[in-house]
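Each of the next two complexes has subunit A plus one more chain, namely subunit B in the first and subunit C in the second.
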Partner chain A sequence: MNTIKLYLHSMKMLLKSQLQYPWSFCLQTIAQIVMEGGEMMAVLLIVNRFQSLNQWTGGDLLFFFGIMSITFYLTECFGRGITGNFAALIRSGNLDTFFLRPRGIMTQVICHAIDPRRIGCIAVGVAALVIGSNQSRVIWTMPKIFLFTEAVLFGMLLILGLFLIEAVFAVHSVKSIELVNAVTYGGRSACQYPIDAFPGPLRVLFGTLAPFGLVLQVPSAVILDKPLMGIDGAWAFLCPLAGVLFFAIMYFVFQKAMKFYRSTGS
Partner chain B sequence: MHYIEVENLNKSFTVRKKREKGRLTREKTVIHALQDVSFHIDEEELTGYIGPNGAGKSTSVKILSGILTPDSGKATVGGLTPWTERKKHVENIGVVFGQRMQLWWDVPILDSYRLLKDIYKIDKNDFENRLEELTDALDLKELLATPLRLMSLGQRMRAELCGSLLHSPKLLFLDEPTIGLDAVSKLKLREFLQKENKEKGTTILLTTHDMEDIAALCNRVMVLGHGKKLFDGQLPDLLSRYDTQRTIHVRYDTAPDFSSLPESCTLQKEGDNYIITYAPAELPTAEIIARLQQAGRMQEMTAQSQNIDHLIARMYREMDL
Partner chain C sequence: MKKYLSTFRMRWKMETQYRGAAIGGIVCQMVFGLILISVYRALYQGNPQSMPLSAIVTYVWLQQAFFRMLLSSDNDLMDKIRTGGIAYEMCRPVNLYGYYYARIMAMKLTGSLLRAIPMLIVASLLPEGWGIGAPTSLPALLLSLLGLTMGLFCMCALENITMGITMRTIDFKGFQALLNLLMATFSGNILPLTLFPDSWQPIVKLLPYAQLLDAPIRIYTGETPVAQAGEVFLIQGAWLCIFVALGLFLWHRNTKKMIVQGG
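What follows is the complex of A and B.
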């Protein structure tokens, strides 16, 4: 409870400090909308050209795009502490400060940043989702709403977990490893399309190692009434738990890595 | 049992050099930041911690404050081991880094303090009282609505100090707190620290390169060099070992006759002034003054002990640091 209170208080304060520069904030938010809008245009172009991708109609593709954008940018907005530049956190010595306060390191890392500019990207995602579910004539029943919420929440945990890989590397070498971006930002770009459109190796990557497929796409497919890889019913509700598992493992690894933290200069 | 107990603390870092051309592996060097360092500090002590850059001062502060885990050795603060019982331990300590800001940059410092209140779970009344007390003592009342980024260095330092004392820690670590401050700010800060130590009984461990800080504040001083403890005791005792020379500047109305001065003194002429350097151990100061008076009609005279920085520099040289 106390941790949530601290998180909310921190977010309020960080938002206030972001709004110290209102012009910069507005312009950057607009830039984000344009950027994410461009990505959405790419989906629309594909639909225009090919009508469908495998079994997926244009509406379905917009749905996949929407759920990915919403999940990814909600994570970037509220989990900026982790998805931001963790290496910089170490280099600047801010991580030292976290050690000096009687709260968990992870709690403080999450509480130290917010990125409200992402609201623009989230809005684009919501628009895509609404248009997509209308075109595909999704009927939102209670189980479907539940499944959607579950997918988004656990998807956020998965993304946080993926970014934690980068954080752990940063602790070890005090430098960020670009390779990890392949599964974080790369995962977002790739998995805004259903993974059965990809060749085998990529399907394995995003189905098991960085399981966007299980966490976001299986539920999406069920909501669209076109089960992905034959996963339906109760299994569809279990699949997003892969995100929780992924985060739990990375959380554990992160805590271990903190034992080896060696700080920088004085 | 002492408040802080440190026993045989060791910490080393492996530094990898840049890979040389034509080689597959990088050369590694091990830096022993701390080697078998032991000491203890009692409650309410105000201890100075000195040593040249890279001596291991910051490393030991980081271990004692729970940031780093040592390779071997024991350390307890009030019975708690900093790196294993971190959360419990840091409730009792405050840390101020002279070169690193811990408050939030873009918001008024009062907002920062309110967040610290939540982080440390400080009771509302305690917080209000303590804030009142600290802002009074540190002259921060008018600055509470100002963001950190708009403050001068001196103001920022005071704001940081206030932030790290809000939870009334029993132990305060100060890492070069007066670095870059002007004379007035320095004096004020020292005065405040002295008061905090006397009135609240806060134990203070001060790391600094400013010997004036040490001289003004600390009765005990520890010297660290190459990761080893080289001295632990009273500052005057440390200085008397190296304070073996004095200088006297004199000016005469007429040309003086220095024939009665012993040979061990060195004499220099600088404009109208004569500078005499002597060792008080061999020749008492009173004696040399008497002889200088005999030398001619004295117009003016100043006696100086050697600058404390020179003494420390000499000490570092002799200890081969």
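What follows is the complex of A and C.
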């Protein structure tokens, strides 16, 4: 309980400090809206030219885009400590101070940054989701709302887990951090489209290894009443748990890496 | 001219130091390319278009290969502006605009060549429908290379305008983001400009962002016939003149009004 209170407190403080420069903050938030709006425009233009992707209509595509950007940018907003520049934390030696304090390393890493400008991207995602679910005539029932919430929350855990790979790489000073972007940002780019558009290897990568497919897309497909890979009913509620499992594994690996950690000495 | 060339050479050497990072970047960029191509292939399956799929695949590869030309900027200068180190730069017996133009060009050229050459080799080995297609003709290839060079010149001039504006403010992230906002969309990086609605084409093709990569790619794929390449170069040249004139004006005014805080 204490940890949650601490997290909320540090979020409040960080938000306050960001709002000290209101003009710069507004500009950057607007920039985020236009940037994510550009991505959304690409989806709209694709729908305009191609009408559909396999069995998915334009509304369905907007829905997939929306749930992806909401989940991804919620993670970037609240989990900035991990999704931001973890390598810089090591390089600057700031991580060392975390070891001296009577709290878990992970707690402190998550508490040390927030990115409220992402609210712009989230707003675009919400807009896409609303337009998409209207066009596809989704009837929101209680189970569907529950499934959606579950998918977004566990999707956030999955994305945090993926960024933890980068953190672990940084500890072992493997200089291929850009490579990990292929599954984090690459996963976002790929899985804003339904996964059955992809050939075998990519489907395995983003379906099960970095399980965006199980966590976000199976629930989305059920909400749209067009089950993906034949997964329906109670199974659809179990699939997002893959995100929890992924995070748990990466959490364990991260803790191991912290044991290995040697300071840069600066 | 010689001093700008040696600035360029120095930066080139510095940039080629990080070969490890480049390999990671190449693999990452290739995955992105494959993702986009898969999506377009799936889209084409049910809804064939007038433009052949192979042209889109080639477009995607060229965009991914030269991605670094679009997105890399000189953070050193920003640091110097914040710390006051810019005062030393003013002492150099060079034109500051030309000096930074040479630096940014070396950065963009090494960054993109280092990635583009291996990427394009791999992309040309991929099976039909996944790999990059050959240019329509030898003149088309040569003209697209010329267009790419012009695009690079435009890009560096554009970057210098961004810096000229950010020089006036200490916090640069907001402005930089605002100026680069439309870059990803209207340079064809997110979605090939050739897939934009047909009614938008005349306008989209004239925008400055289209001159960087889109214009040379269209010559390569034959979308723009060789006979019309002259018009493309004319548009690129016009934008280049505008960018350089605006940049020089901004930098000239900035250096006149510069206030350096002691520290």
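Simple rule for what comes next: the second predicted complex is superposed on the first by the 262 of 266 C-alpha atoms of A that agree within 3 Å, B and C clash if a C-alpha of one lies under 4 Å from a C-alpha of the other, contacts with A are read in each partner's own complex, and residues count from 1 in each chain.
As a convention for this text, contacts are C-beta pairs under 8 Å (C-beta built on N, C-alpha and C of every residue); 3 or more make two chains touch, one makes a residue touch a chain.
Just so it is clear, the structure is predicted and the values come from calculations on it, not from any experiment.
For subunit A, the partner that touches more of its residues is C, with subunit B and subunit C as the two candidates. By the document's definition of touching, neither partner reaches A:Gly230: not subunit B, not subunit C.
In the superposition on chain A, no contact is made by A:Pro22 with either subunit B or subunit C. When the shared chain is aligned, subunit C comes close enough to touch A:Leu45, but subunit B does not. By the touch criterion stated above, A:Met35 is placed in contact with subunit C alone, subunit B being left untouched.
Once the two complexes are overlaid on the shared chain, A:Pro102 sits against subunit B while remaining clear of subunit C. Residue overlap on subunit A between the subunit B contacts of one complex and the subunit C contacts of the other is empty. If you check the complex, the residues on subunit A that touch subunit C are 21, 23-24, 27-28, 30-32, 34-35, 38-39, 41-42, 45-46, 48-54, 175-179, 181-182, 186, 189-190, 193, 197-199, 202. Considering their complex, residues 13, 57-58, 62, 65-69, 86-88, 90-91, 93, 95, 97, 99-100, 102, 104-107, 111-112, 114-115, 118-121, 147, 175 of subunit B touch subunit A. Contact residues on subunit C toward subunit A in their complex (touch as defined above): 20-21, 23-25, 27-28, 31-32, 34-36, 38-39, 42-47, 49, 171, 173-175, 177-178, 181-182, 184-185, 190-191, 195-197. In the complex of the two chains, the subunit A residues touching subunit B come out as 2, 5-6, 9-10, 13-14, 16-18, 20, 93, 96-97, 99-104, 259, 261-263, 265-266.
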